[in-house]
């Protein structure tokens, strides 16, 4: 089941730079693991912004919420979730 | 080069129903041709709305504009375009 | 799996009143059938508006989209869908 | 009498972590007590957000305001209240 | 129990002028009856707009919804309802 | 001459709690004096928010501005002012 | 007493062109009479829009409402009214 | 050539009060000098807000930008600029 | 003196198609004449929309307003005007 | 390939003034280098704001993103990117 998640990152200037670097490294590692597992199906950067457009493939709403709130950068992100369905003109199955 | 296009369709009630059916059939045919050609890479339905989230893979802005304005439903769509770049944590190339 | 759907109805003044009455009767019948089946779990009226707040219990996004677009008033509704997850402080299971 | 309350929590980074943990524990305890009393009828998590959708059953506006402002997290929440009425197609009474 | 209702009237140009005059006369009569009964406690005009700010005193949400939807101009109004509670600094009781 | 003022209070977490208590006590005293003088005609709490809806009866715009900016909480409030006129259907004079 | 009124004109395409010309001529005549009387103190065009910024000098809210609703183009205008007070740094009196 | 500038002042609580007083005194002096020179043609206070509506008469865009950015309070203001043209119904020349 | 104008075209479906074609031809001719004269300095299409971003070089606000309102498509356009000044880092003069 | 970028700068008051001066000098140097290289084709100041309107000429989305995120002021800017296409009435090629 697919969902689009649009994530915007806002890291407070008051955070310790080393802590931020560690957060970003952890985020990258977790993101890549989820991509390899097929749960984070697509990840694109929005041009000119510290933001991404992502497509998740999960079994239900609870799995998506658990997954998103486990991201290291979650406390510093604004996330907008859009549920997606099969489009009648799509040649591929969701 | 990837772009997200969010399309919302608003067909005026005054249009002839047969004309609308033809428009939709033409739109579907053109959409599927573009998907097979690899230019319309993804097409998802937004749940509960006559709207879609699409990912296009084109060589430049002009090609995208030409492609979108050629869609049979273009006169009845509101389209928001977001340019996408390679994300540093993505395991796939755009 | 639960979703909140906020539906606002806007019936064009140009529609035939008898047709509108039939639409509303069909909508009511379908809504009540879905409520009895447990898919449309809650249905509340927003005070002062031709709008409702609804909770749906469906197996996935596709089922919800199929269900919403089958509603007789669907062509005249604006629908906003919010996916819901289990809340850690809720004493009931979703 | 039913009201929907949409609550979004924003805890300032400057708060002492232990104090925040205590706040959350107190919030959970009070929330569960109100749920058991039947006043906080439903509590759902919004996917991907530190936010909830709640349905309250209170005797009047003043009771709702007293109840919401007594929540431990109240000073850190933005709350939008929507009064709900019986829907003519609902098979259950509010 | 008090509610603020902000009503904006938008009468379509296609309506028959005589019908509109009758609607307005009926609205005025009903509004004045409700004011005399104490249910429509205050009614003020917003300067420069076909809009009003109203305070209603009703026993519950259902009564308010029944009352508002019974107004002759209801089909042509956008209404925003705000529930009001007793203010701790007010010298009068609601 | 009547005006609606919608006031939302946002007190910074950095303020000294004792200073805040004094501000609130001063605000209450001034508010009640203005109510007794008939200038602050109505004061209602917005349910679930640190906000109010107020009706002021002043002789002109300058008096209203002087009055609002003299409120102890003024530096911490966002205020939206709406000028009100006599409504043709109101049974009471403004 | 001064008010800023920002007026945007939207004339429906369905209106008879001769009727529109008459409306505009009447609007101009009434506007210029009010300017000569000193009640419509300033009238400026917003560049690129069928809109104006106006300053009115009236004795109270009711006079302003009566004046605005009497304008021939009133049924086709959206008007936003902002009450103005004497500025402490202004070298002229309002 | 006329421009409307709508300025909203937001002074951070962290600024030294004496420094703020000096800023305001400097702002007032500069504002009055520009008014006497005829460049800052009108200055009105928005009722209930730390904001003003101003009309500037300058020779071009660059002069307006230079003038606004030279204001002592400029770093703490949000400014919205609207270019104004001669209105066909105005009895005065801009 | 430079201004950015963002124009969005909305042609009503009720217009005669031949009339629309003539309007567009006239618009193109006038636009190209103004470009050749150096007054309409840049004209770009917004991807996916019937909209453009334009830069005008005019001697004052009145000239810009006269120019924009003379465009054949003006009655069907929404235009947002932004005055531009010389940027301190620009290597070219405006 | 052209893009409009609208950049708004918000420098936190907590930054060291000397650091800010260095940032601005670096930004200016980089901006002018990109202008000389033809990648940052136009740079205009928005009147009354710490903001600019820019036109970039890049080979693809990735180049634009790399370029924008390399700007010294990038962490303190909000950037909105609009892809531009050749306009059918433009006399110049993009």
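As written, the chain order gives the labels A, B, C, D, E, F, G, H, I and J, with residue 1 at the start of each chain.
Everything below uses one rule, namely that a residue touches a chain if its C-beta (ideal position, glycine included) is under 8 Å from a C-beta of that chain, and two chains touch if they have at least 3 such contacts.
Molecules present, by chain and UniProt name: A, B, C, D, E, F, G, H, I, J = Muconolactone Delta-isomerase.
Fair warning: this is a prediction, and the values are worked out from it, not measured in the lab.
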In contact with chain B and with chain F at once: which chains are those? Just list them.
none
Quick check on the contact network: minimum steps from chain D to chain J?
2
Farthest chain from chain B, comparing Cα centres?
F
Whole-Å distance, chain C centre to chain D centre, using C-alpha means?
23
The distance between the C-alpha centres of chain F and chain G, rounded to whole Å, is 29
Mind pulling the chain E residues that touch 2 or more other chains?
2-3, 45, 47, 61, 64-65, 81, 83-86, 94
Between which chains does touch occur?
A-B, A-C, A-D, A-J, B-C, B-I, B-J, C-D, C-E, D-E, D-F, E-F, E-G, F-G, F-H, G-H, G-I, H-I, H-J, I-J
Chain E partner contacts - residues on chain C that touch it in the complex:
13, 45, 47-49
As the complex stands, chain H meets chain J at residues 3, 5, 12, 14, 61, 64-65, 68-69, 79-81
Chain E-facing residues of chain D, complex
1-3, 60-62, 64-66, 81, 83-86, 94
Where on chain A does chain B make contact in their complex?
2, 4, 27-28, 31-32, 35-36, 42-47, 52-53, 55, 82-92, 94
